[in-house]
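Just below sit the structures, each encoded as structure tokens.
Here subunit A shows up in two complexes: once beside subunit B, once beside subunit C.
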Partner chain A sequence: MDRKKHRILNIVAYTAVLSILVPLLVLPFWSFVGRWPWPGLLPENFTLRGMEELFSGATNVLPVLTSSIALSLTVAVLAAVIGMMTARALVFYDFRGKELISFATVLPIIVPGTAFAMGVHVVFIYLGLADTVLGVILVHLIYALPYTINIMTDVTAMIGNSLEVQGQVLGVSPARSFYHVTLPLIMPGMISSASMAYIISFSQYFLTLMIGGGKVKTLSVVMVPFIQGGDRTIAAAYASVFVLSTLLVFVLLEILVRKYTARLSGI
Partner chain B sequence: MKKKLILFLIIAVFSTFALTGCGGGQDQAAKEEGQFDANADYSVILEQAKGSTVSFYGWGGDEERNKWIDTVVAPALKEKYDVTLERVPMDIDQILAKLSGEKQAGGKDGSIDMIWINGENFYSAKENGLLFGPFAEQLPNYQKYINADDPENQKDFGYPIEGYEAPYGKAQMVLINDSAKTPETPKNTAELLEYVKKYPGKVTYPALPDFTGSAFVRNVIYDIVGYEQFMDMKADKATVKAAIEPALEYLRSLNPYLWNQGKTFPSSSTEVNNMFADGELYLNMSYAPYSVTVNIEKGIYPATARSFLFDSGMIGNTSYIAIAANAPHKAAAMVAINEVISAEMQATQFSNLKTLPIVDYSKLSDAEKALFDNVDVGKGALSQDELLEKRVPEMPANLVPVIEEIWQEEVVGK
Partner chain C sequence: MKKWQPYLLLSPLILLGLLFLLGVGNALVQSLGYIPAFNMKEITLKYYRQVFNEPALFASVKVSLVIAAVSSVLAAVFGVVLCAALTANGRVRNKVLQIVRIPILVPHTIAALFIIMFFSQNGLLARILFHMGTLGSQADFPAILFTTNNIGIIMAYLWKEIPFVAYFVLALMSSINATLGEAAENLGAPGIKSFLHITLPLCMPAVNKAFLIIFAFSFGAYELPFLLGATIPKALPVQAYIEYINPDLRHRAYAMAMNGVMLLITLAISAVYYWLSRRTYDKGGNRFGS
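And now, the complex of A and B:
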């Protein structure tokens, strides 16, 4: 009975993994395909059109990719830090309007995106932030914060501040106590919220276009017209770059942070 | 007390921001208005344009066109006039949303200079005061190469242009199929019905209001009831419906033989295009008359694909370039547009992108004519003469949404 249950679970798990992996693996393949009519098992012809679009002189993807990653990493770090601080305020302190602020943190994802973007756009024009990188970072932050605050609120509430307070009781300054005791404990939460913020920023099309005015070019801004235009070869080529670069960033992030935390908790 | 003070300070800071933002914007706009005169001598405009960076906003989903702008147009502008062209890929809906957002925020200098536009979008942009003009007739190359009396240079989807946009390229509806799969090329709607009956489930068209699907339906209407009556028709649902009733009847008669029995239609022309490339559909349609050639070259269509027309004509339209009312570099925009409508650039556009040129052939010198004559239109395509001979005008812009609405009610699933 138990074994049978185990087998069913396995089947479910493998089906889930396959249904995510197979379409992903088809992506890089499609970037070389010209025509692949049904019901052929293999494509009729191959093309380097996708690679030309990515790496030819006129439309080189690398500079866009680098600046896109830099922008999203900035958003990720800021969102994780602000999320952590907001979560601490919400969990550890009592103040007037706490409920309201707690509710306000999820507002950006409740309000319909288009309406939200138009409003922010007008305000940003007043403030001179439209068409600037700073404006785009800010608007991505607004969208990423609801997620990071939520993640960090749970993590902070779970870990509590008793250990940190204990450190202070033992005579360490609050800053050092936070840095050496709490930070290593909440690091996994920080990583997941940073990753979440990174993905949100990296895949943001409409907001980036609206606030960046097309002057701030991210990978999504360049990629989405091809997806909408139905050019599968080029769309697949861009999508492969999108997925691979995101994976790479996550792996690097994970390694860096692990090294860092190991050093921290070792003191 | 302290809290209230802080709150007050925040409000004060924000309102000054808002006020100065607004006021400053108006001043600047006034200055700009005073500074730039489209009627100034062209040499003055050339001088003003020197050294500026002009932005060109438009749809970015065609990599060949992107490449043409980046590697042919931009270098020519830089070299000849010291103008840097920056291409910004953005859909027209977003461009208009951005422009109206900028307008709402006060007349401050915008970020958009040139816009690739036509039809309903031009209508709404011009009506809402988002465009700069008139400027087109002031361009030297407009005088030199363009036939100002051509109806397509007078009106865009039936709406008067009045110099608020300059022609960019011509498009024309074509039907596409694969001679290896279906030998026939229906010459009119009656033959199309036979074709659809012979290959049930293999034909459909994009659901309206898709741009291409909508144009296809208008073409069917033209073939059945003619186009002349629509040119000055009132955009009134009952009137339009009465006029197109025979065509609606015809479209309903197609339904049982269409893909999915006409209960649903693919949501976009890109979907239909991919279904055709995959062999799932036998008939495709496009507003880009040379899309067959381009797609055969790319390896997306089989080499046996070809385009064909209805004998009664296919709808053609022109797309245009306009200048935003709040464009920061109007002089450079005029210089860039003047270059794009030159015989030379139109010829490279024709040879690289297979976009029908907007210059008037009879106004060209022999050397310039040769530039166009030497272009090989490639496999599966029709010659420019054949296309232009069977070209019929677009319907007035305000009738288009009415027809789309009627189609939704009277054709889908009926």
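And now, the complex of A and C:
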């Protein structure tokens, strides 16, 4: 009985692993596919057309990739910091409107993205924020914050502020006490908040298109027309760059966390 | 502690929150037909009425509801099963977990590309089935992309959302499994029974929360129905955008009314969720007593 149960659960786990990994492995392969008529199992020939589209001339992806990463990293850092500030207010203080604010923080998850995007578009035109990088950063922040606030509230509640207060009792200024005592402790939480915010910003298509008006070019905005247009080779090439760059950023962030925790335990 | 300190900490959030409310509020005001810039100053429910009365527009409401409901229910069920598989024995399988995390990092637009590569009528699966002799021709492969059955959209959502649900419920389920579930099994309850009667009910708050998140998302998201949906009828977000960019500016009120419908439905579902979670919270005390 028990073994049978485990066999079923194993099948579930391995089905999941396969259905996740197979498409991800096919993706880079498909970015080199040339002619592939029905019903061949393998393409007739391979091509560098996808790579040319990515790395040469007018359509060079590298500037878009770097500015896209820079934009999302900005969102990530801001979202982690604002998430941390909000969490401190919610965890350490009692104030009027606390319930309302903590309810309002989840609203962007519930409100449909299209409704917000079209509504805020007009507001941004009036404010002069439409078609600007700043405007795009602001709307990405709004969609990333529910997640970073959630993570940081858990982390802040867990760490508490007794050590920080102790530092202050011993005569250190609040700012220094926060910087030297609390910040190192919450840093892993800050970094996982930043990763979450990064991926939300980097993936955003509709919101970026709407607010950026096609003038703010992110990798998502440049990639989607190829997925829609049905040129699978070029779409796969863009998607490969997208996935690879995301994994790279995440590996770097992970290393950052490890270094940080290693340094902490070294003290 | 000083009184203004929490507000100082909250100031960036409050500014962004105001921007958010301004956006949503503006959508709602315009959905009532009040757009002074286009010389529309009469406040009316006429656009909402048309969304419900005009068959072409109401079809969009139905399409979006079906996509969101089917994909979210399936994702919740399979997500819980996957989570159970990940937490079997009370310990989390770390390597599998790392892989299950990946779809959360891959955007919906790329999930759409995967579905196109594998499940279109000349896709990989059709070719494999042809070589196995199961298919006579391309046309024998069921059309699930760009058709009114919306199966392609639902599959793409499932690829993203099953791992999301599993990941969302994981912390809670593994801690319950490690304590209560094992206790029940030691007392002689078979695995599946202890799962259904102890682990699952205790996990339901997390499952419900995950369901709410993915339902609201799939109901209001533009990307997948735009990339994989049928030409007619289109899902609400896609149809709303088409109305929004219509050169005849009066169509904007229809776009906003469609946004209003999306907003009202997701808010209604969140209210039900809130009410349900309050109720179980209040009853929480005698959950084990009865």
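One rule holds for everything that comes next: the second predicted complex is superposed on the first by the 225 of 267 C-alpha atoms of A that agree within 3 Å, B and C clash if a C-alpha of one lies under 4 Å from a C-alpha of the other, contacts with A are read in each partner's own complex, and residues count from 1 in each chain.
One rule holds for everything that comes next: contacts are C-beta pairs under 8 Å (C-beta built on N, C-alpha and C of every residue); 3 or more make two chains touch, one makes a residue touch a chain.
Keep in mind that what you see is a predicted model, and the values were worked out from it rather than measured.
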Combined model on subunit A where subunit B meets subunit C, clash or fit = clash
Touching A:Met152, do we find subunit B (first), subunit C (second), both, or neither?
-> neither
Could you say whether A:Leu65 touches subunit B, subunit C, both of them, or neither, answering first, second, both or neither?
-> neither
A:Ala16 contacts which: subunit B (first), subunit C (second), both, neither?
-> second
Using the superposition on chain A described above, determine whether A:Tyr93 touches subunit B (first), subunit C (second), both, or neither.
-> second
Return the chain, subunit B or subunit C, that is in touch with more residues of subunit A.
-> C
So, does A:Arg35 touch the first partner subunit B, the second partner subunit C, both, or neither?
-> first
A:Val241 contacts which: subunit B (first), subunit C (second), both, neither?
-> neither
Report for A:Arg232: first if it touches subunit B alone, second if subunit C alone, otherwise both or neither.
-> both
Subunit B versus subunit C as contact partner of A:Leu141, first or second or both or neither = second
Of the partners subunit B and subunit C, which touch A:Gly214 in the superposed model: first, second, both, neither?
-> first
Between 19-27, 73-81, 91-99 or 145-153, work out which stretch of subunit C sticks into subunit B after superposition.
-> 145-153
State which residues of subunit A lie in both footprints, the one left by subunit B and the one left by subunit C.
-> 38, 118, 121-122, 206, 228, 230, 232
Counting only contacts in the complex, subunit A reaches subunit C at residues 1-2, 5-6, 9-10, 12-13, 16-17, 19-21, 23-24, 26-27, 30, 38-41, 82, 85-86, 88-89, 92-93, 95, 98, 101, 104-105, 107-123, 138, 141-142, 145, 149, 199, 202-203, 205-206, 220, 223-224, 227-228, 230, 232, 235-236, 239, 242-243, 246-247, 250
Please give the residue numbers of subunit A that touch subunit B in the complex, ascending.
-> 34-38, 44-47, 49, 53, 58-59, 118, 121-122, 125-128, 130-131, 206, 209-210, 213-215, 221-222, 225-226, 228-234
Touching subunit A in the complex: which residues of subunit B?
-> 17-18, 21-22, 55, 57, 59-63, 66-67, 70-71, 88-91, 94, 97-98, 101-102, 104-106, 108, 111-112, 268, 270-271, 273-274, 277-280, 298-302
Interfacial residue positions of subunit C with respect to subunit A in the complex | 1, 3, 5-7, 9-10, 12-14, 16-17, 19-20, 22-28, 30, 81-82, 84-86, 88, 93, 96, 99-100, 102-110, 112-114, 116-118, 122, 124, 126-128, 130-131, 138, 159, 162-163, 166, 190-192, 212-213, 216-217, 219-223, 226-227, 236-237, 240-241, 244, 255-256, 259-260, 262-263, 266-267, 270
